[in-house]
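Some notes on the structure that comes next.
First chain written, first letter: the chains are A, B, C and D, and each begins at residue 1.
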Amino acid sequence: MNKLWKKGYELDSEVEEYTVGEDYLLDQALLPYDIQASIAHAEMLGECGYLTKEEAESIVAELKKLESLEIKKEDEDSHTAIENYLVEKLGETGKKIHTARSRNDQCLVAMRMYFKNNLQKLETEIKTLIEELKKKKDVPMPGYTHTRKAMPSSSGLLFSAYMDMLEDDLLLLQSVKKILDKNPLGSAAGYGVPLKINKESTTKKLGFAKTQENPIHCANSRGKYELLVANVLTSIMLDLNKMASDLILFSTSEFGFFKLPKELCTGSSIMPQKMNPDPLELIRANYHVVSGYEATIKGICSNLISGYHRDFQLTKGPAIKSMSITLGSLKVMGKIFAGLELDEEKMKEAMTKELYATEEAYKLVEKGTPFRDAYKEVSKKFM
Amino acid sequence: MNKLWKKGYELDSEVEEYTVGEDYLLDQALLPYDIQASIAHAEMLGECGYLTKEEAESIVAELKKLESLEIKKEDEDSHTAIENYLVEKLGETGKKIHTARSRNDQCLVAMRMYFKNNLQKLETEIKTLIEELKKKKDVPMPGYTHTRKAMPSSSGLLFSAYMDMLEDDLLLLQSVKKILDKNPLGSAAGYGVPLKINKESTTKKLGFAKTQENPIHCANSRGKYELLVANVLTSIMLDLNKMASDLILFSTSEFGFFKLPKELCTGSSIMPQKMNPDPLELIRANYHVVSGYEATIKGICSNLISGYHRDFQLTKGPAIKSMSITLGSLKVMGKIFAGLELDEEKMKEAMTKELYATEEAYKLVEKGTPFRDAYKEVSKKFM
Amino acid sequence: MNKLWKKGYELDSEVEEYTVGEDYLLDQALLPYDIQASIAHAEMLGECGYLTKEEAESIVAELKKLESLEIKKEDEDSHTAIENYLVEKLGETGKKIHTARSRNDQCLVAMRMYFKNNLQKLETEIKTLIEELKKKKDVPMPGYTHTRKAMPSSSGLLFSAYMDMLEDDLLLLQSVKKILDKNPLGSAAGYGVPLKINKESTTKKLGFAKTQENPIHCANSRGKYELLVANVLTSIMLDLNKMASDLILFSTSEFGFFKLPKELCTGSSIMPQKMNPDPLELIRANYHVVSGYEATIKGICSNLISGYHRDFQLTKGPAIKSMSITLGSLKVMGKIFAGLELDEEKMKEAMTKELYATEEAYKLVEKGTPFRDAYKEVSKKFM
Amino acid sequence: MNKLWKKGYELDSEVEEYTVGEDYLLDQALLPYDIQASIAHAEMLGECGYLTKEEAESIVAELKKLESLEIKKEDEDSHTAIENYLVEKLGETGKKIHTARSRNDQCLVAMRMYFKNNLQKLETEIKTLIEELKKKKDVPMPGYTHTRKAMPSSSGLLFSAYMDMLEDDLLLLQSVKKILDKNPLGSAAGYGVPLKINKESTTKKLGFAKTQENPIHCANSRGKYELLVANVLTSIMLDLNKMASDLILFSTSEFGFFKLPKELCTGSSIMPQKMNPDPLELIRANYHVVSGYEATIKGICSNLISGYHRDFQLTKGPAIKSMSITLGSLKVMGKIFAGLELDEEKMKEAMTKELYATEEAYKLVEKGTPFRDAYKEVSKKFM
């Protein structure tokens, strides 16, 4: 099979397998963006005279037909699959698509578009979850500190805290989306190309806010921008992890404030009575999966000089997988809240007197006792 | 010694040591903010009638004298030290300072102010480093991919990439600063207080952009906001790690492009000839220290239900230490660039012909050869 | 499709997809062990009278035919696939296989066998790599500290250090293998079964060193034992990361001591001259992938009470994937060393005088100068 | 102040502060080992004729007096402090102590001895905790899976699972101790010394099991061996994290099985009624602190060529601090179990009927119903 860097000798096949890894599978998610960017690139090459009008048009026409290409292991990646496809369809003309670009900027631009698009999806899912939370009822329940009853609270206060947490995530998400909204196409292998291309043209066609001018900056943003996105994902997953922790505990028979819809519980293979909160446990655990992927990205990018290293290839899996996990987790959490029921009876029963100890101290304060003395007075009742 | 939660029995002393940990040392950095917030709190209590005008004034007056208090191990933390100090100075009146607050919101507000202030310092340091980079000369040098010569580049292109990377960090920093710019005072232990306090008043006095209304949101932002700051710090340190990696390699005798000022190199205890780039190696390694602290924060905050847990105390050290490391690393990097010299001779010598192979292929392209064929043609020369 | 925990209602299909995740794919690697353990379990049930002789024999006979079963998404996991298969083949008798076991101990025992077997494979690969290293030539070359020339060294000294590092890994591997060599079958869901089963019998049949008696210990070892294996894998990968770092640097044109076989290098899509050490870069990066998976396992297992949680399911992927990456990395590294050539000319040229500065100081020491004075004397020559 | 690598120019003072970091504080823990190793080294130099008998004796005599030296910031580290001390006391003779060694092997040997000694202490603490666990009463209580009641269990079963977990840790600890039990002294800066020293002599004097012969192996074990120790510490802390998680939940008013001794609980600064399990929460959180330090070590050691780098200095803090945290956590956990009381009444009440559902299914199995059918039958009662 043809590779973009082939020079007439064969790579050891076991080693080839090791180097390709799961890239050909991951690139399936990037393909639509790779095609879109290739179209913009071909058009720009036509505008600048590196392709004739006819060449540019025929390449664009073929690329527009290409949405469902299956990337094979032998293709190595979507970039090669696209070039091989064009050569097959257009012969000599196809061999011109890679003029003035490298797989590096091709991959960078596809990832960038993938991120922009998926951050947008995340934003929508977060807002959907917030809407779901808004619908829930406000019922008094104990507030906990140190996993112990502390002061009076309510389901409304709790769920509205979740909304505020998600609003924080939205702010971070929007900032990161803005940071990445730069077109890296034209940076080639990280040192530009000695040709007179027009980067502004692809920036405009692809809807980027601006051109990422410095090609070394483009190369060095590989991994770094994956990390920024990972920060957003970890931040969202941490909030879902907290919600899951709350719901798991508050739906035990010992606490009993919430009831999970049975359609979202699974059973045990041995214990007939069990109704387990598996989706919540998996959301909780998936925080650690996403956080582990973030650790991978942080590790891979470190202690490397400027410019591309093959190491960066392995940031692609963590980035794409954690995006997909986070989207899935938000969806499942939305369903859980949609089905969640409050056990008002149990919540009421749980409003026991120790929750009001602080209030009692404040009553003494209002009568003139200094707070610290009021505190000591009331505390005696609970020793 | 008096503790804010004392009720007339003694804690096991070894356990007490374990629980206090290094908090009393860390709180030294928070003290100025704790005092400032206590002043605003006392004034507000006065305005709302929970302290008489005289009480509020005397507390404020004592607090204003308090900048240099040393927090002792027996004090446990700055919050206790402040209350103990006020009781010592003002007797009964001092015991009223803790009305309508908990150590939780007291700690939250002090950390929040510490972060705002130190993010501002970071911003200044980043800008200083950018200024330093702008002063450096632009000299041609090889550009590397895969740690191998790739295409022609220059010191100017490299250093300006650093500036762009730092500009990205600034954007992230400013977003995070904005997310945290909310006053948590009044959230008490995470469930508010049953008193008619005026949160807007302290928000205004302390210069926050707004009040963080939901008290559970306040409690749950402990650790979470530390993580957001850690994201910024890791992001900056990753860029410094890359700069350090470049400078270490490019200043070896084998590469030889850059010369480090000897005032910033240390020697070996055994090898008389050595001039080692220790500060750069420590910057490189400190990325991992900061990243490890971020991992700690991410771990501590996970799998916990809403509301305060003592676990959060242990996010304070990682947050304060990584802030201090990042500030120090930026400073040292600034000095290194200030002293860095370019060895123009060596840089010129390194501009060998393989760097121009892509250019050669493009010359064939301009004569009409499809890029992929031109590539293959030129590649034969290098086999 | 039938699930082991089905009770007559349907799970939300999107949620089901989220909960199954990639388990059905991962379990393909566990299937042979699950079958083997199921055979031992059925035989034991026969011995203890929970199955008739005929039932036990027919189950065993069917299981022995079962090596190539494909686990489908609807099966959820290998455990369900096996029971469904037996019910299909044997009707009522098939429904008895799950007597006295849970998916928990079934999964535990399969993972345990998978680990034992793959740790054995790792041991073999490590030894093969050591043999490859032994074959390499011993040629003088500079020794480096701080990435700068330090003292005279040799390729033989370097490669033999690699062997010693791998020997350390072998010791750790063997200890961990020993710790896990315990049969968890019979622990059921983590609290045993109220039946008179014979755990020693399956322990013997499956070749375990002993029975893991306490069922809560069995349940709590889920994740924990994955972590122990991850420690071994990270340890090996860290050594490969160091070897890769050495080989990448020492094979640059600037250093030039080593030459990588071109069959193990890949090219650039844009730069015709490039021969890049991609497999080495991927080995280097895969350390971080394995280390990230270890972080995931460490996170998932934390802050959870004793007993099974669905969270543990997500430790399976990290464990199986990092095992496979480590095995692959060792293999590729073996091939790289097999093909590695030394450039003796370049190595000799690099033995420049500063490498002998310490020796020079020691000559003064032998003439009676105190070491610190000798050091200072010699150091003057290099300022 | 004199530094071992001083050559007559001054280091920038801010940079010096950055490079020294907290080393001078950490080295306080290493000093006794550094002295012991220096004694062995001096004796060996005497035996080999690099010091006269008198010189060796006077150095040894001075070192034996040295247990309480305070290392100052200007000393940089314990190695320099020792040499400076000897020069002050013995003049010219003192300058000879560093013959045939580098700070690298000096630090390696001190860390190695520190680890051996502290792993021994850990072993003792683990055994003490096991003894404490053995004393606790065995009372029936529910067993949990998915944080929900599953099957009957008992405090005895739970605590004995803890013992088994700790026994696993002991095995790992002993293996790691064995791996590190090698004398690195004589490896100097990682490439040995061109002198006829006798490494076996110091190996014997210092009680190491063997000599670590290859000097590059010695240098490369910096960080790597810290990681092995970190693996042990994380493993222990993970078990303590689980115990803490159990105890925190089972001592809530909602569960109520266990009562924590009030001497080990702390209160709230605002809520008079609170008795919080702070030491347990800190143990739980300290798992993440130790795990974060492990991440730091793993990061620092990566992507670096063979030989010493200053980066490794920053593995010292994480290693020493996590050792100290783990020792402290074991001690505190021992105290908690010593004081822990079982609320037998509450435990008994919690033994509700759903815990016996599996038993009920097995009764049907014993009457001939296939397990899966029995399961379905019983499960109907719980829908």
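Points to keep in mind about this one:
Methods note: a residue touches a chain if its C-beta (ideal position, glycine included) is under 8 Å from a C-beta of that chain, and two chains touch if they have at least 3 such contacts.
Predicted model only: the values in this text are computed from it and were never measured.
Across the assembly, the mean Cα position most removed from that of subunit A is the one of D. Ranking A-B and B-C by contacting C-beta pairs places A-B first.
Centres computed as Cα averages put subunit A at a distance of 24 Å from subunit B. Centroids built from CA atoms put subunit D at 27 Å from subunit B.
Subunit B and subunit C, compared by their mean Cα positions, are separated by 35 Å. Subunit B has residues 4, 6-7, 98, 104, 145-147, 150-151, 188-189, 193, 249, 267-268, 270-272, 274, 276-278, 281, 284, 287-288, 291, 295, 298-299, 302-304, 309-310, 358, 375-376, 379 in contact with two or more other chains.
Interface residues of subunit D, counted against subunit A in their complex, comprise 145-151, 248-249, 252-255, 267-268, 270-278, 281, 295, 298-299, 302-304, 354, 357-358, 360-361, 375-379, 381-382. Taken in their complex, subunit B has these residues touching subunit A: 4, 6-8, 50, 83, 87, 92-93, 95-99, 104, 143-147, 150-153, 157-158, 160-161, 164-165, 168, 171-172, 175-176, 178-179, 188-195, 212-217, 219-221, 224, 227-228, 231, 234-235, 238-239, 241-242, 245-246, 249-250, 284, 287-288, 291, 295, 298, 301-310, 358-359, 362, 365, 370-373, 375-376, 379-380, 383. The part of subunit C that touches subunit A in the complex is made up of residues 3-7, 9-12, 14-15, 18-19, 21, 79, 98, 101-104, 188-189, 193, 262-264, 266-272, 274, 276-279, 281-282, 284-289, 291-297, 299-300, 309-314, 318, 328-329, 331-332, 335.
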